[in-house]
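The chains carry the letters A, B, C and D, assigned in the order they are written, with residues numbered from 1 in each.
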């Protein structure tokens, strides 16, 4: 169960960073949606390693193969299995990790949980696992646009790297601007500073974290559920399940705690026959359900745990020891996290749209 | 599905704020756990309205009745149904809400989703729904202590109200201190200031938000799952499903984004035969799985939406109009949110402990 | 989980035969369906004890109370909780069962599983548990007729009691005929013989089994899923979950094993623009999906385990011993099983109709 | 969801008969279970086409590749993905089916449900889908023997083909005898007659059905759940989800309807400190929970729908027409159904064993 996500649009990912490959099975996809491998590849290419000088140089084309569920270019309604082979695995780089736990990685906790772990690379905890999520999200976006939200836009960007904060307006930011720079932000001046900082960090064998912000525009009202499966709760879970994510906030978020109710409430008004709010501190969600305004949220990503300097740690046989990072890693996960965030948002929305369709017709 | 939570320890809550009552069905509870209504009532009393001068004066004893699943003082392993009747419902206070949407409440979104809503009180979006969660958590804590973590401590407190920040050490804070003041914080000087501010807000018909922090101590390593059901993801979802919660962060959280990897990583060392970390920026969770250190997280709660002043809004028939808040409400949700946060933490942990037991014996 | 059924129309039943009561929570019900307690009571009255001279004389009105999810006579889309109190419990009749396992009952297996059991009556294994199913099915039928199958008919009847076989045509049998006789069959001559046999059995302190047949008419094609959730698989599970059910067959069933493919296949033809089959050995389901023909299936019910004569058994402390049945029981479960079978059929169909609606619009 | 099975040991199958291949993802597998492709291949070879002169001649080696979840010969606790490529697909044999629905196949119902179908072969309704189930069951059996039932035996056999009934004692039948004959029954004299009949049917372009019986020996008491997830209900669903299965009965089954309670009840007695029953009309399950006796059940399989003679049918554009079967098919599905039945039994038991471990540990 731990590798499945969603109720009606359910994805099951599988695979380790070093092994036969990684992939996903999508169950519950509506039929007659046009789909081919090239559609998916566009999204995978935004996520793949080696795409720029500020991400990991691991050389993976991440080419996907659709194994089932599609016939003559259209979905059948049956499970869609997608496979990406691991090509550039270099387990020899990890031989020291066989016996030592990397600090702030999942090595120790996997060992504590399972009594065994694939020590070649990150195993299941590797960001390669997100390939299946991104591939599934290509399908989710197609469903959303075909059946529920024709003009849907899901755009994420790097809001900050360390203390460099981008000036981006969620209501107007566009996808092309974000994609125009390798750090994936909507503020080109901040982009230069962020790229420079990441390069410095990489040069020092160090790493850096930051914040990703995401907006979902043109969402119909009514998506989300009362109580446990509130839209913000499912978005939060989705985002916090991404590697290195340490925090999530929607709308006014933590900053909203400093406001009074009188300042914070979003007044309603009518505009062109639609119920609108004058401000959007709710972040597009009220009582767990979308209200038609832009859905806005932010995620905190910690600095990459793999750094190229000696660190204190312990060995598998419980001795104090030291370990120096090796392998190919991102000095900053944020540029590649952007498509993952968009992917998780699409998966959550698609599942809720199908749920809404089932219950409320 | 939207009203169920958990995989193996699964709770299903039901009920509206004005109607026959509220309750919960707990499925998957292990047998032979001692349980009676008085055990549950202790936790419900911390959540109930009217408990102090800074919370809503609605007069509800919130007395629970166990309807099934317990025999001669012990759980049977079969579903435990718990019922709390609504007593002090005053639907007449809500008559204006029949036709007008309260700003930043769930009125409009429920109407948009379902085409119908119980306009008497908050309906399903009322915090009364959390009675079932708190009652179920009493059972969850008993299971955790009986089978998985005998010395488990789950303690939440108000970390801030508006800009008043409490100075509380998660490693040492104790339950009795938190319970000794009506705002439920671990810093008695801050408590006085918080209480004063809340009273001022109530006097002005306004409201205020803040942050709740929570620590879970004496958790065994190995709880949580890779990928989607990471422990922080399930905790995040649990917390974001609470009314008025707008943000969640674990360990270093958003502040961790300002650190480099070298500063942020938690070095391992051995202590008394146990693997420990010297710092705890991970917040007790690595790769989605508990590492045995204290689990620490924080939640943002927005200011209560109901305020006693005129606000712009729209009517059910889509006309611009005005509405002034009525009814009995908390000027600040945080004191009563504290037991809800602890409850959700217990539910998440219990479910993951049972899952760990099933897979990893 | 074991007490929940359905994916989108999900019911969770709770309660023991002796205790506070029994009930159900229905999650996922569409909004704006007219519903009140009288609607449900009609179905509960067909299931209740004491309704005729051939069923158990336990005196229960089985009056239901809707606790949530309905407002001003319409469903809200939120969970519907329904409660029926136990009134005529007589635990003293069961004192001997405290220490002895009744043969072919669930006493021993519950004890083996849980290490504890409610020995007052059947506990969770009592047919009283089905009250929640029948109540939920009232709602399911309303949804099916309102949204998916306006002319839907679900009719079950007693096909045989011991070797007395009723001559009933599933294509034409009507509800009123079945309800016109206390054994609930569609063949009035067989009814007399069945009633006589059941009375003889009751007089001898013995019991008898039989077969229930069920037809579902006016089902749209397309309900059901490939692979695991085939419509016949979900119907089979639903029926085999009823107390005392030992077998299930659909369409030609076990008798179809004696035919060749040439004899067994159902030829297609067009009629009034609809795809029809000339025979119906498929029982209205092909490849797990309804084809629009009548769905027909049969269930085997064993003779009631409680009999009024001395039987060999063992005690809780594992000594050979003897036990003579006491308490109030049905000499034949079939007349009261008929509404339970219809209820389970409605629950399965409603869930699949909502699933079909979600995926295939 | 429709392609997933199980709660804690959850398998998700995917794939069509003509396409990239078929496979399965297994989630929830305990770690440190020895597993390699050769283990799985043993079971797949019993299921594969072309294994004898009485089954379909389609030439598929059905060689499996484990893509994830196994490291150095042991399970990791993470999802196990298994892939089998389709090799001998001959879509040209199906060109006529593009426009005509095969009687008693899933062609029409898939089209009615999805508005699209893969007409090359059986698509998702093909028995090739069961490859994933059989592969997953290899893992399930290993878990059961390693953790819950060291001496577990699951043996199925052909009980009858048309009116030829094998004389087999479920308490003593052995696996080697069943595997010693190509029809897979435990009565060698009946085997010869069955084989002869199947050859005659194949020669006539006709097909034949029959009954498979299965015994599970050395099951611990306590597996199964009250109410909906009764062990017989989950076994029934599992079996009715197999292609061509039309009926399921456990223990005394339909024949038990002819007995009185006095005849049918299974008296308890003590033997070597174990609670036993003198007869086993319950089929090893009471109240939905295993009692430690042999679990015995039977399944009805209809005659194969594909026959080599002209049949009435309708076309995709709703015209009456005729169709003559082509392609390579089994004249009788039963010999290859035997390993599928054992596989489904193993999947159900493993899931319930893990559930029992979680709750009652």
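Methods note: contacts are C-beta pairs under 8 Å (C-beta built on N, C-alpha and C of every residue); 3 or more make two chains touch, one makes a residue touch a chain.
Bear in mind that the values here come from a model prediction, so they are computed numbers and not experimental data.
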Chains touching both subunit C and subunit D: A, B
Winner on C-beta contact pairs when A-D is weighed against A-B: A-B
Chain located farthest away, centre of subunit A as origin (C-alpha): C
Cα-centroid distance, subunit B relative to subunit D, in whole angstrom: 46
Centroid spacing, where centroids are CA-atom means, of subunit A and subunit D in whole angstrom: 39
Rounded Å distance, subunit A centre to subunit B centre (Cα mean): 26
Residue list for subunit C, restricted to those that touch at least two other chains: 1-4, 7-8, 13, 28, 31, 77-78, 113-115, 124, 226, 355, 360
List of subunit C residues in touch with subunit B within their complex: 1-4, 7-8, 10, 12-16, 19-23, 25, 27-28, 31-32, 65-69, 71, 74-81, 83, 113-118, 123-124
Contact set on subunit C toward subunit A in their complex: 8, 28-31, 77-78, 147, 226, 354-355, 357-361
Complex contacts: residues of subunit C adjacent to subunit D: 1-5, 7, 13, 101, 103-106, 108-110, 112-115, 124-125, 129, 160, 162-163, 201, 206-211, 221-230, 232-234, 236-238, 240-241, 245-254, 256-270, 273, 275, 277-278, 281-283, 285-292, 300-307, 309, 311-314, 318-320, 355-356, 360
